[in-house]
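Below you'll find the structures, each written out as structure tokens.
Okay, so chain A shows up in both of these, paired with chain B first and chain C after.
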Partner chain A sequence: MHELGDAFAIAMALVVSADSDLLEIVGLSLRVSVSAMLVSCAVALPLGAVVAIARFPGRGAVIVVLNALMGLPPVVVGLLVYLMLSNAGPFGGLRLLYTPTAMIIAQTILITPIIAALSRQVIEDLHQEYAEQFRSLCVPAHTAMAALLWDARYSLLTVALAGFGRAVAEVGAVIIVGGNINHLTRVMTTAIALETSKGDLALALALGIVLLAIALLVNSGVMALRSTSARHAYV
Partner chain B sequence: MFDAALYAIGALGAMTGRSPPILPGEAHGLVLDVDGQRLIDGVDLRLASPGVTVIMGPNGAGKSLLLRLLHGLIPPTAGRISWGGGPLSEAVRARQAMVFQRPVLLRRSVAANIDFVLKLRGKAAAERRDALLDHVGLVDHAALPARLLSGGEQQRLALARALAIGPEVLFLDEPTASLDPASMQRIEQIVGAAGRNGTKIVFVTHEQGQAKRLADDVVFLHRGRILEHTAADRFFDRPESEAARDYLAGRILL
Partner chain C sequence: MTSRVLAFGVAALAAVVLFQPGTARAADRSIILQSTTSTANSGLYDHILPIFERKTGIKVNVVAVGTGQAIKNARNGDGDVLLVHAKPAELKFVADGYGVARHDVMYNDFIVVGPPSDPAGVAGIKKVVDAFEKIAAAKAVFASRGDNSGTHKKEMRLWRKAGLSVTDASGTWYRETGSGMGATLNVGVGMGAYVMTDRATWISFKNKGSFKILVEGDDDLFNQYGVILVNPEKHPRVRAKAGQAFIDWILSEEGQQAIRSYRLDGQQLFFPNAERVAQGKAQ
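Moving on to the complex of A and B:
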């Protein structure tokens, strides 16, 4: 218990003094997870909108698959990306394994189904409200899709932040494809796992505190956004 | 506020210079079945001249369904609808507009709701939008989120948005239901102005007073069938069908 107290004090000192190692790890974590979120949004939001609006054979199956993929185990994603990027894999020539890019790819694959499935639900709900009016106005499908994405922007931002939260907190995929290499691919979650196994609880705790703070900030941001948009009747 | 000059600048009213006109609108043997139930039962209707046609009838008579069929929002089970002698195509529908009982407004500002439609029709212009908002008395609310407007204001915005496309036919499905008398009067003024400026109005209402104020002709619908289609004065003075007489006397309850 005494050791834990000491570790916590050292952790707080690391956070308050903005320790350079700590900042480097936090910075890389944010860069990787924000990039994964942005790439995922570019793919998943239009995908969610298309599945929400379009009626085609097999649409129900697509929705079931998207929903099921929300529960993708990170280690399985890590393994698949590893197989793709390893020297023997189809993309081995790109030499991306054990780089931040590989981590971004893994996290993107992990959170794309989450953002696509949640955005599909959000957009479909809004589309039910708009559908008859859009049909009356002869709104073309691509314009309807853009309008729905824009009008659902506050809810979709919440969806994107949920994806970011999932990405920044996962460890299984990034440790497989990133390798947890110091000053290169070490992010908060992999560093916590490593430092805990080494018994360096102070750095692990400091990183844990930062991770919790980020989760808190993201959730506060989501709440603030939702209350602002609700106040202005945009939700 | 209802200055004909607003129509002259092309901000309001039916678009001119497009040919051929989409009137008359005709329905022949129109049938709509839903879940084995016949909701529209062999309707024949001709909407030939500009002016205001009011569709009346008790609850469940099929008034809103008939409006949606005429506008092409739902396909009939059987029968045929034509506008200007041709089929009810997307091109024809683009020259019509509809205002629903419950206004469906985009989650944007008042001005952005109008801009959306103007842009859709390639007519985006601040002057046009401001003229429309001024016409419906909402120019001071342009920057407000549309959903913060009162019920009457929301319906006026929906009406302005419908007028923004310059419709040749404007369908209104009980647009004043649950509005206060002042809001109702405002809507009637705007609709009346559009009708006088060449837009064909097809208006569904339960309000006999409103129908008397607006209608040039009345379509009386009962159990999915048109029992009367006649001049408004004649309908209210000498309804021919027993159902219409009962309806006007408040004796029909469905």
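Moving on to the complex of A and C:
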């Protein structure tokens, strides 16, 4: 088990030396997964809010499907996006396969159900508190939705972070649609898979430690932003 | 106030995310090479591709998967050049019209590695088929790729030659990992199983544990790599000119010399064997 000790030493060395290949891989990981999270939020937050407060036939089924899709296997998403973007597929002409854009598309599909399902629950819970007041003031539905989304923003931030976490940690989808091409589509998780297959377990683990550290940084950054804005709100 | 802070945060985040250099790299002067893990993981491409890129300005993006998947991807037109190691499947690819022509590029050999305890007693056996018979007779654990890769296809041919139907034993002493060479070696080392691997992957593999090469040097373990241009008549988006430039280069004396000069731990990993006449006759 000396790999564990080696891994920490290698991880430290990698970070301290600011290895340019590592920075490139980290940068792409963040770019792909943060983009996927932002696109997902743009789609999933309104979707979650609509399902939370609208009443329509089949709503229960929609909620069950949304919740079930949280368990979407990344490899399946990767395969579906591959078949769509392949030169033999319907969107082959876009030439997106083996590009970061393809990876963003795959991760967006992967995490949209997660963000939608969780935000639906958050907003529905808040709506129970607000519903009577909305009714008495005759607030139109879209205004109510906007108010709920705004008032639930801190919980929704955590929801978005859950989506980001899922995106940045998955390997199954990006390795199929990105191809793990060096200097083009290699991200942290595919680099870890590659080093594992080369038998360099210590380096693979070191990259894992770096990935965890980045997730920690992103989360503390968001937490800091949140507490700053919360402080301003009460001034 | 709050909204302004949040909006600023989001804008800053978006700026960081969206304005990064590097997106324009998949430019016209690049090709996608569908290839195998053995060639990529051993570091061969890191050695030879910069030479080609400096000379021609064509960037080669390598997708390293098993031969079976690489051929499948190329059939779908998701690659410009195919460089793999399963000659029958390659010839079929060309015969079906998906490839323009197939050329020998280089070779190395397969080996059988295993634990030093060598439960089936195969160390030093000259014929790999005899070794396979002993492993099967002893029901010693054998880890197979089981993923339709070039190495897996070769291994299946050898079991057939030994007159053994190992798929019946799948899950008992014969274990199909369904994954790449490195992953299968990790499994093999973990469970003390025999593994058939290409020599390049083994030399560059870092998690060998106490495993040793037990069988090598048999003609049956010959491992030939071939290169094929994906047919632009099947897939008009194939970058045929740049792809052919790469094939011409790797078959040329300069490309062959680049392959010859790649060494790891003082050992030559791949042996170039392109036929000189092959270039002129590129159909």
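Here is the rule we use: the second predicted complex is superposed on the first by the 200 of 235 C-alpha atoms of A that agree within 3 Å, B and C clash if a C-alpha of one lies under 4 Å from a C-alpha of the other, contacts with A are read in each partner's own complex, and residues count from 1 in each chain.
The criterion applied here is as follows: a residue touches a chain if its C-beta (ideal position, glycine included) is under 8 Å from a C-beta of that chain, and two chains touch if they have at least 3 such contacts.
Only a predicted model underlies this, so the values are computations on that prediction, with no experimental measurement involved.
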Partner chain in contact with A:M12 - chain B first, chain C second, else both or neither: neither
First, second, both or neither for A:R95, with chain B first and chain C second: second
Chain A: partner with more touched residues, chain B or chain C: C
Chain B versus chain C as contact partner of A:N180, first or second or both or neither: second
Partner chain(s) touched by A:G199 [first = chain B, second = chain C, both, neither]: second
Partner chain in contact with A:E129 - chain B first, chain C second, else both or neither: first
Partner chain(s) touched by A:H232 [first = chain B, second = chain C, both, neither]: both
Contacts of A:V62 with chain B and chain C, given as first, second, both or neither: neither
Footprint overlap on chain A, comparing chain B with chain C: 232-233, 235
Residues of chain A that touch chain B when the two form their complex: 129-130, 132-133, 135-139, 143, 147, 150-152, 232-235
In the complex, chain C residues that touch chain A: 1-2, 5-6, 9, 13-14, 16-18, 20, 22-23, 25-26, 32, 37, 41, 46, 61-64, 73, 75-78, 180-183, 185-186, 204-208, 235, 237
Sites on chain A touched by chain C in the complex: 24, 27-28, 30-31, 34-35, 38, 86-89, 92-93, 95, 97-101, 153, 179-184, 194, 196-201, 225, 228-229, 232-233, 235
Residues on chain B engaged by chain A in the complex (per definition of touch): 71, 73, 90, 93-94, 96-98, 100, 104, 106-108, 116-117, 120, 145-148, 165
